[in-house]
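Shared chain: chain A. Partners: chain B in the first complex, chain C in the second.
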Partner chain A sequence: MRNGVIVFIAAFIALGVSWCGFVLAPVMQLGTEKQAAVLNSSDVYPIGRPGEANQGLQVYRANGCAACHTEQVQQSGFACDVMITSAGTNPPAVIAAWWRMQTNFFPNEMTQRFYSVIPNSGGVPQFPFERVRKEIADIAVESFQNVGAKAEIHIIAIGPDIERGWGLRRSVAEDFLYDQPVQLGSLRAGPDLANVGARLPDANWQLVHLYAPQALVKNSTMPPFRFLFEVRKIGNAPSPDALQFSKAFAPPAGCEVVPKPEAKQLAAYLSSLRADAPLYEAPFTPIMTKP
Partner chain B sequence: MNDESKSSNSSRSDGEPETVRSTTPIWIILLTLMLLFLGSVYFDHHSGWFSSKVYSPYTSKDEVELYQPKSGAAAQAAHGRQVYQFVCGACHGVDGMGKPGQAPPLAGSEWVNANGFHRLAQILLNGLNGNLQVEGKDWNLNMAAMGAGLSDADLAAVLTYIRTSWDNKAGAVTADDVKAIRAAVGGHPSISAAQLKTIPE
Partner chain C sequence: MNPKENFDSNFGEASVPASRLVTSLASPIDASCRVPLLVLFSGAALWLVVGLLLSLAAVMTFHKPDMFADCPLLTYGRVQPAANDALLYGFCIPAGLGVMLWIFARLSRAELALPLVPVVAANLWHFGVLVGVVAILLGDSTGFVWLEFPRGGSALLFAAFLLIAISAVATFGQRRECELYPSHWFLLAALLWFPWIYSTANLFLVAWPVRGVAQVAINSWFATNLIFVWLALVGLGTAFYFLPKLAGRPLQTYYLALFVFWTLILFGSWMGITVSAPLPAWMSAASSVAAALTLVPVLAVAIITFKTVRGVPHGGISCKGEPFCYIKFGTAAFVLSALMLIAEACPQISRVIGFTWFGPAQVQLQILGFFTVVMSGAIHELLPCVMGFGLPFPKLVRLQHWLFMPGIVLWAGSLAVGGVAQGMKLGNPQTAFADSTAAALMFLRVGTTGLLFILLGSLLFATNIFIMTLKWKLALFKSLLAAFKAPLATPSASASLRRDRAVAEGKGGEVKP
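Moving on to the complex of A and B:
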């Protein structure tokens, strides 16, 4: 072969460059991640999972839960809400300032998604501006302070996942610091589980749901994981671990459903799943689930 | 002559193909340069320059810095509201008015507006069962120990939020207060309404 050396060098460079891009760059970027401070708090994040929950991660992996569930919340944007905490002594001036700003900033659109007023203030809105840029929020807070009201800015994450209640911010590398292996998942036949421990903190709910998903979520497409449970005759006394079911899902008379250790570990893991701490790289103040 | 020309022809077609030098069309060069330019503009806008602290949809460290929530009393109140809406709001309502058959109201509740926070803190830490009168109505429900899994700071923030929101006029609670209560009574089984009345306020 002619030009063998050149071909070898070219192939080496091509592979080397992709190795740098896929392996070296991510390690340089995220390899030094460690526990970080939660914003405006003395807590650190993340905390390693307790032993049983950590074993549960392996059960989660072994049963292929990641085939239908993701553990990553996505975020499409970020914005500010302006919240008036106190209307001050001259509420009409506050309302006038609000109207003036509305016509100045947004002549053509409604800026308030949910209408709520501060009690006993003559109609001062609690959230005069929602989903606005930081510059506008800063001007608004200053204007409200000039007329004697107290206002503050709330940073919020925006996106379809967040509207579904799956989280308060996007998932970041920090969330997976102690997970081995990381169970990101890529397909959502079921809901995202990144915050399931905060949504459904009851481990017993998780156990009943694993044994008979349709008992708790009608029309659920999740298959039951009955092999993680033991259906056995009640001995001298019923087991303290036995699960309670409605009639349609109850075991035969004289029997009880008892979770095996794997089921308990999996339930502990699910209860431990929560990625809702505000971090520097994924900041937010509150969530805005108003009626 | 004939033989020579034949052999030279066959050597051309049977041997290795030779590279033919020709000039690259100008439009390919221009297209490549344009794509390179667009690529670097996109990179400049979206890469965050490989910082581990810049995630999409943020595009630069300055932007992340700009959107950091403020600290202080405002942050404490926002923190409490956030914990409340995430943990308590589903049943007690984001307006604190409760839901019939699910949870009693917190707004104006005599249990929330007590002088001390010990009873309230214990309900969150250990759960509550049995018949309880709130604002003149009987509620016979089970509440799980929703606060047992929260940190001291979270619990203090949410207690403060409940005690100071919706016209409630009780005082703030600090993380140290919660820590002391948790050390004293944490891990206690669910308390009944009758037991609740024996706990000092």
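Moving on to the complex of A and C:
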């Protein structure tokens, strides 16, 4: 290449194309995103965080919590559970249909597992098929309905993160609609926090954990955030906000640990982290009754 | 078309022993770069030391979590981005710009154009970095990775970069040979790259933030284009200048370098959207494809380097610790770090190493192993020419190399291995989460030794640069004093003195008495 202008144009085109792809396109596709409908419900998702939690987001940003914590749950796919809600009038036929399908679909796997059984049904299992493909679940539901039972499909997200209890489904764009800045994080030196509000809803636990992580989680590598708290002499009466600690982490006698407003805001933010609405792009069936 | 013609044959002449007369021994072209380069490099050396000290403070959290529990300034989440930004914005970019200015002047066979502009810009730049790093430590970070500096700092950096780019392009415009050398392509593209990505990211994320996860896409695009593409453009541009010069043979080959340039800017700029991000699937798919294609320029870089250094004295992988070694090691580190980045974009592999210390390992290898090493090699080589006297402690160059090399292998290597160990446990939900962090902890602690080595090496680097600056200032002061004390010269004598000085300083714009 003989000419600087050619180099310039080459670089301009190369960068311009990727700019269109990863800046312009996302802004057009995602920048105008709105609330989404929650599946099987009239609710919309997400609803903005309360004010204190929003201030807590800024405490989270200022102290760089995202350097060690992600807020994105992964999912490797989804599976279906078949649930029989009513055994109908002919339970033996239901059981026979179940066994027939069992030998058809899983010939090598004559299961000895314990199945919870529908009461007074002569042994009709409540969950005849667990973690199966959608096609199998569809066939099963149809077959059960043919013999008079009522059955439904539960969609379950699967993957290591879900099994760890970090969430019920993968994180999607809607989860971050109102966050400014969006802090997904890229390193899990600490656990994922996308659903920490659902997992550890107690704000007091969060405060104690922020002040002395090792008091609650053994061998935790999290640095304590003692600068978000005030250790002060107990005055006439102990503060209602004072935190309680085990002996090893307690403040000196006559003193109490009181969270500063920043600590309370951060705890409020953490409690507000729950991405647990089933959405069209990340469906799952919220289950309350399953043992 | 023969690239050999573009070599500066007078490169070696300036390795003359130190002399009293500061201005007389450097060629006018080199001398014209002196002040801007000194400002850029001395600030950069300082930031390198500061950045590594902050890195050390950050990693200490994993030795003793409650070390800075009462000190908000040094909490991990603030120190860690401050350290990264001090290394990238404080060291890498100004060092790269300084080397770029010098290469442009040399390849153009012309003096640096507008030499005062980069001096002002360099001061602005370093002030901007100071503003940014202090703001991060005070909790005023923007929260976007690699873009943590608040508005004020970013604006200063942007203005300073444009000023330096003006001087660089003006120098480029003065060139006496029409044919472009491969380094020209890479460095010119870098001049366009940074202002574009930096302004885009700041406008869309900080000034008028877009809503929701579009921020994530833009932030990833910016980070990859800065850490991978920009550093590669400048680092490879520098390596492709010094490798043939130090090996004493042309780059092998011109057309392969052209191929690297095109494929790097076309594919590299599409990398960076992680497989896991909650973004439309086409984005991460496009990124993965781009990553696979980036394998092509990366392997081509390996071939170019190997073919260029093979069979020459001190070539191949033999190493004596001189600047040639720095460039060779740096290029090898680039190939490795790029392969790591490509591995991260592969869905099957990222399932294991995603969210682990493997990612930080790749970044550290790119910044410290590749860019810092190439730049310090280049600076060791060019500074004696520019100053007109040798390095005050030439032995420290070798010592620094022998501290950097094991340090980087230990630091980046243990982070990467620790990341894999962590990922194996993280992917298995039957293992407790605490086990996964514990798996990486031992490697982090071992890696700290490597970081200490790198820190020591950077201190040696800074020592050489600061003593050199000091010597130059002292000599400048002495010659000023001599000129002041000298008896009034007759008109004719003073005219000849002025002429001599003008020749020595190369029109002497910047070294004013």
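The rule is simple: the second predicted complex is superposed on the first by the 271 of 291 C-alpha atoms of A that agree within 3 Å, B and C clash if a C-alpha of one lies under 4 Å from a C-alpha of the other, contacts with A are read in each partner's own complex, and residues count from 1 in each chain.
To be clear about the criterion, a residue touches a chain if its C-beta (ideal position, glycine included) is under 8 Å from a C-beta of that chain, and two chains touch if they have at least 3 such contacts.
Predicted model only: the values in this text are computed from it and were never measured.
Asker: Determine, under the contact definition given at the top, whether A:A248 touches first (chain B), second (chain C), both, or neither.
Answerer: So A:A248 meets neither chain B nor chain C here.
Asker: Of the partners chain B and chain C, which touch A:C65 in the superposed model: first, second, both, neither?
Answerer: The answer is second: A:C65 touches chain C but not chain B.
Asker: Examine A:A11 and indicate which partner it touches, taking first as chain B and second as chain C; both and neither are also allowed.
Answerer: In the superposition, A:A11 touches chain C alone.
Asker: Would you sort A:A237 into first (chain B), second (chain C), both or neither based on which partner it touches?
Answerer: Neither partner.
Asker: Examine A:Q29 and indicate which partner it touches, taking first as chain B and second as chain C; both and neither are also allowed.
Answerer: It touches chain B and chain C both.
Asker: On the A-aligned overlay, A:A173 touches which partner chain: chain B = first, chain C = second, or both, or neither?
Answerer: Both partners.
Asker: Touching chain B and also chain C: which chain A residues?
Answerer: 2, 29-30, 32-33, 76, 170, 172-173
Asker: Going by the contact rule set out above, which residues of chain A touch chain C in the complex?
Answerer: On the chain A side, the touching residues are 1-4, 7-8, 10-12, 14-15, 17-19, 21-23, 26-27, 29-33, 61-68, 70, 72, 74, 76, 160-161, 163-164, 170-177, 179-184, 186-191, 213-214, 217-227.
Asker: Touching residues of chain B toward chain A in the complex: what are they?
Answerer: Interface residues on chain B, with respect to chain A: 16, 50-58, 64, 66-71, 74-79, 81-82, 85-87, 89, 93-95, 144, 146, 149, 151, 153-154, 167, 175.
Asker: Mind pulling up the chain A residues that touch chain B in the complex?
Answerer: Where chain A meets chain B, its residues are 2, 25, 28-30, 32-33, 39-43, 75-78, 80, 85, 119, 134, 152-155, 168, 170, 172-173, 198, 201-202, 271, 276, 278, 280-287, 289-291.
Asker: Going by the contact rule at the top, pick out the chain C residues touching chain A in the complex.
Answerer: Interface residues on the chain C side: 61-62, 65-72, 75-78, 80-81, 139-145, 172-173, 178-180, 184-185, 188-189, 192-193, 196-197, 200, 204-205, 209-218, 220-221, 225, 258, 261-262, 265-266, 269-270, 272-274, 276-280, 283, 286, 351, 354-357, 359-360, 422, 426-429, 433-434, 436-438, 440-441.
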